[in-house]
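Consider the two complexes below, in which chain A is the common component and chain B and chain C are the respective partners.
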Partner chain A sequence: MKPQTSKAPRAGRPGIAWAIPGVLFFAFFAAAPMGIVAYLSFTDWDGLSDPSWTGLDNWTRLWEDDGMRNAVWLSLLLTALTWLTQTPITLLLGVWAAGRQRNRAVLSAVFFLPLLASSVALALLWRTIFDPNFGLAADIADWFDLESADLLGSSRGAFAAILFVTGWQFIPFHMLIYQGGARQIPRSFYDAASIDGAGTVRQFFHITLPQLRNTIVTSTVLMVVGALTYFDTVLILTRGGPGDATEIVPYLMYDTGFAAFDLGYASAIACALVVVATTASLLLVRLTGFTRMRSTREGM
Partner chain B sequence: MTSTIDKRPPRLADDGPRAERPRARRPFRLPRANYPGGLAALIWLGIVVVPLYVLIVSTIQTRQSYLENGPLSIPDEITFDAYRTVLEGDFPRYLLNTLVVTVACAAIAVTLAVTVAYSVVRTRSRLSRRVFQLFLLGLAIPSQAVIIPVYLIITELQLYDTLLAIILPTAAFSLPVGVLILVGTMRDIDEELYESMALDGASQVRMLLQLVVPVSRAGISTVAVFSALNAWNGFLFPLILTQSPETRVLTLGLYDFVGEFRTDIPSLLAAVVLSIVPIFTAYLFARRQLINGLMGVGGR
Partner chain C sequence: MRSSDPWRPRRPRTLAAAAVLALAAPTLAACGSDGPGGGGDTLEVWVYQDGSSTIQQEFVDRFNETSDIDIELTQIPGESYQDRMRTAMGTPNAPDVFFNWGGGSISDFVAEDMLVDLTPYFDDDPEFQDAFIPTILDAGAVEGRYYGVPMRGVQPVILFYNRTLFGEAGLEAPATWDDFLTAVDTFQRDDITPVVLGGADIWPNMMWLEYLLDRQGGSEVFDRIRNGDASAWGDPAMLYAAETVVELVDSGAFGNDFRSVATTNDGAPTFFASGEAAMHLMGSWEYSNQLTNQPEFAENDLAWTTFPTLPDGVGDPSSVVGNPTNYWSVNSQVEGERLDAAVEFLKLHGDEDYAQALIDNGDIPTTSNAVDLIGSSPNPEFAQFQYDMVENAASFTLSWDQALPASQSAPMIDAIDQLFSGQLSAQEFVDSMQEL
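Let's turn to the complex of A and B:
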């Protein structure tokens, strides 16, 4: 704001007290729980009696737990594959949507539809589609003469299904991010490139892509944090199965905490999840020199 | 300079280097036709439309016809029995619960975000920076990570299995994005406007209600939509914090329908459709606000 040069009376200013209700509310339901979950990770708690202090037990168990190792591996794999599949697709679609094609607005509006629904609604839709007896999967298996239409029944198939459904849901979101980024690129860059005789492909790699650097980082951070916290889709589509083929970290935490009621150990898993998610996003931000963090609400 | 944080404009939108100039929406164009993008868009159109087609067609036939003909064929006889089944069941109650939760969350999030942002932007207190940082850090907390302590807090408050149990944490988790958006919007308000209000002897409350709120309308509507969408589509908090049919919200209700309808796929999918209809209607009337809210970007 500019220095006050006018003779007008100085406008009064609100005290910091105005922020207190909001700060307290947020601290109570979001910030303090971060501390409590750290405390609970050092206890044994079944949700009914009082938590009892067990020191590092949960953490040593976490370190040696094969289930946790499997979950971390699956989460990292899912995150990497999410990035590898979604980034090229959203980049292509987002840059396309930033252009001026005739049907762009209509198509973009259609693409946007999955974003309006809850992940629960979408997971239910896909569950019926994947049904090996009556779903679309049965028809597709018929056409291609596949032996089994039971995608969710096989380890790889179930994992691929999670990857696909979450992609189907969130690709439009990242497409919108890239669309916004691509629209900020000055026209003159392309004009200059055209004069130099650069074709569409070269323009994409020499102008569009470098100019979208910040957008790529933003979208990557959101994808990574999103993929590390996928939960609804897994619960409805596969329940972590078959076996433990899709038991990613958030689902393992839910299963440990609210199915087995081993809430102390589940707290340790939750802490590990926060550490991994925060480290991953900070690393990305650091490595790429990007200083402005964005919302991480996706995928919740 | 009135405050130390003035130099760090928090922006949710990734608008690249030109972002510092608000309203600089200059016409832009990407060069020529983007054929690879167009092709990708066409393919993606298929991937989006086929499941949506299956969704709609499945709901306008009888259960028998769905099981016999599969999801792709257009039924000989169109019937809305599936919708009737859903609407005559518990669906209206779940819808009402969701409405209550959504409205309450939006109201709480908007009220608290407005007061916090107003204080952060205008106060002379050194603490304003700390407050702002608290909410910045809060962005990085995934709700899965704190669900166990939130469950503890809610049971201690004896709120378990009430609508408040869903409302309070959901609203709290919408606050960081809300504060960020509104701090961005309110920062643009000219000091002279405050001064002219001060000439009239306006109190802080009047300044907030008669100057800040009307000028920040766009940002406020974005925050309202963002928090409302979060509440409408939220699943984890209701799943863990409620249990009886009286407090069941739509997302949880959908999840329950899986067991209730079993092979009655038309009814299950009709419930899915009905859960999306209200948001879809809002989308038709307020597309821009909804996209802004969904992306959590500053409303302009």
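Let's turn to the complex of A and C:
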């Protein structure tokens, strides 16, 4: 019998043609717009006339702009606080959800609910809850005998509200990641540990946590990039206010681009954001040794 | 026939090609969409969606019955209207005829020759021109040329108050600033929020600055700003207005949580209707809003007055701020028969039928015959007050955020927010606005 001709596709390896839709989609909706934005960041454009070339003007302005400095600081703060608050919570919830307790499945499903709604709907919901006269916030302020429920009206309150609402929304997602990670840990590790007399806490720190190292990196990268690009919650809940207390970089970009129609400068902000977010995720991956893809199960 | 069965599995490469085509098809189709200049037998009309847009739909339907060229009306939800309009203009997806606020909201388009100059059509048809109140027509003009046809009711900003609360406190509607401050003190003692303010939306805050400036320094100060003189932000009257705002905020006149209260989700109007706040400075739409949502409050407690006078103010006490009305403008890409049809559609808005439809909706039309129609309004008393207020106004200052081009109004809104939340002092506010 003659062997098949070389034209026949190799088994198990799909042809390059399968990548075309994805590549085209990415080219049209991500790469091309990003290229255009990079070009626009060197121009002055109001969205109506033709963009006029202004060289590095937008970029020097970016460097000197107090509003941008404030936005960068707030974005970094939000990112750091997001990671610090969400990681412990999601890690514990995820590990818990990976177990076999009673009611676990039901409760996990309930925890998962916020992720199913759109962030705009959630932000609208929370804005109503935070209404100082008619929202739940008013009742809570009454219970604690507070003078007012001016959460969104104070700088720290509004910032905390953003942190809380985005956390509430995204914790289920990261919980799911940790649940999946924890489920992968072989049962025999725990069996061996219990024979050696290790309790639950010890098992958590000496087996679960080290085994979840790669999961933690994945979740961290998603959290960091996610927090750097939060937008809808801010738009609906605080509009960057009060004053500029929650004017993080993506909102500043929107406000500059689609309220002031200074699209050239907004493009420069957007480019800076792309660079920072990409660098942050690359650094994280590199520093944590994630790229080397070392197995967490050596010796198995 | 088996071979033509669409569900038969094909070779992967064909499938991939089909997928590519399916992906590209909408992109390609979008390039040829039916926009201005694209010909076709339709006119695309965009309107801001709210309680009045049913009237526009009704008249579009009426127009389509007789015209060869059909109008397709797109109602765009309020909050995103301005973004959508601005972003679409200059692209093939731009509307042919669109709703706007006149002034700064269209001046950028005029500068780019994107709008049809309607002045000749008014000149050729005096009946059409005379159908509208001249000051209203002028308010929509840019550099003396008409680019807009008035199509909604007048929307002056009015000081609404709770008649019952004022009565219980033994107070009259505040005519002077002293009256107003007395009312603020009295209500504060009684644990009633003197003034409800939907500060989360920021533009309600702006209304206070607008009136304070107008009463203190007259309408000329903002006219200078509007005409590009940023130094007018440094006018003593502006500083006074900003200082007064800070005093009001600090004294708790707006309550201590106004920055969390929104107007757009009905938070402020509902609080006002619940009898826990005594006054609300808001556009005239507040009345119909309350009539719809809290009819008992609107009928028993809701009263209205003009903004009080200031002790040393030189502004004319009859002056009004707000939105004179809204306008239709025509995209300059519309030509030939389609332009004729568009003009014919615009002329419908000077007819008595249209004015009557606005009246029935509780609005005050901007047509000269409005005065004769007011009697048939569902709320003649309020209609008459509003009509007189506008008719007798020494000046009608367009809302600042609509009067200024986007590049100035966006930072202004931010600065006003910072002034009201204490991040900027009155002097810092004035200074930062002069730098724009």
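Note that in this section the second predicted complex is superposed on the first by the 267 of 300 C-alpha atoms of A that agree within 3 Å, B and C clash if a C-alpha of one lies under 4 Å from a C-alpha of the other, contacts with A are read in each partner's own complex, and residues count from 1 in each chain.
Keep in mind that, in the parts below, a residue touches a chain if its C-beta (ideal position, glycine included) is under 8 Å from a C-beta of that chain, and two chains touch if they have at least 3 such contacts.
Everything numeric in this text was worked out from a predicted model, so none of it was measured.
Engineer: Touching A:Phe28 in the superposition: chain B (first), chain C (second), both, neither?
Structural biologist: Both: A:Phe28 reaches chain B and chain C.
Engineer: Using the superposition on chain A described above, determine whether A:Thr128 touches chain B (first), chain C (second), both, or neither.
Structural biologist: Both chain B and chain C are touched by A:Thr128.
Engineer: With the two structures laid over each other on chain A, which partner does A:Ser267 touch: chain B (first), chain C (second), both, or neither?
Structural biologist: first
Engineer: State whether A:Thr278 touches chain B only (first), chain C only (second), both chains, or neither.
Structural biologist: A:Thr278 sits against chain B, while chain C stays out of touch.
Engineer: Counting only touches as set out at the top, which of chain B and chain C does A:Gly241 meet: first, second, both, neither?
Structural biologist: After superposing on A, A:Gly241 lies in contact with chain C but is clear of chain B.
Engineer: Quick check on the superposed pair: does A:His206 touch chain B, chain C, both, or neither? Answer first, second, both or neither.
Structural biologist: In the superposition, A:His206 contacts neither chain B nor chain C.
Engineer: Which partner does A:Leu136 reach: the first (chain B), the second (chain C), both, or neither?
Structural biologist: The first partner, chain B, only.
Engineer: Between chain B (first) and chain C (second), which does A:Trp18 come into contact with in this model arrangement: first, second, both, or neither?
Structural biologist: Both partners, chain B and chain C.
Engineer: With both complexes superposed on chain A, which partner does A:Arg61 reach: first (chain B), second (chain C), both or neither?
Structural biologist: Touch partners of A:Arg61: none, neither chain B nor chain C.
Engineer: Using the superposition on A, tell me which residues of chain A are in contact with chain B and, in the other complex, with chain C.
Structural biologist: Dual-contact residues (chain A): 14-15, 17-18, 21, 25, 28, 47, 124, 127-128, 131, 134, 258.
Engineer: What residues of chain A sit close enough to touch chain C in their complex?
Structural biologist: 14-15, 17-18, 20-21, 24-25, 28, 46-49, 124, 127-128, 130-134, 137, 147-155, 238-245, 255-256, 258-262
Engineer: Per the contact definition, I'd like the list of chain A residues that touch chain B in the complex.
Structural biologist: 1-4, 6, 8-19, 21-23, 25-34, 36-37, 40, 47, 89, 92-93, 95-101, 107, 109-121, 124-129, 131, 134-136, 138-139, 168, 171, 173, 176-177, 180-187, 190-191, 193-194, 200, 203, 208, 211, 214-215, 218, 225, 228-229, 231-232, 236, 250, 253-254, 257-258, 263, 266-267, 270-271, 273-274, 277-278, 281, 292-297, 300
Engineer: Which stretch or stretches of chain C touch chain A in the complex?
Structural biologist: So the residues of chain C in touch with chain A come to 12-13, 16-17, 19-20, 23-24, 27, 83, 86-87, 89-90, 108-109, 112, 114, 199-200, 202, 255-262, 265, 267, 270-271, 274, 276, 406-407, 409-411, 413-414, 417-418, 420-424.
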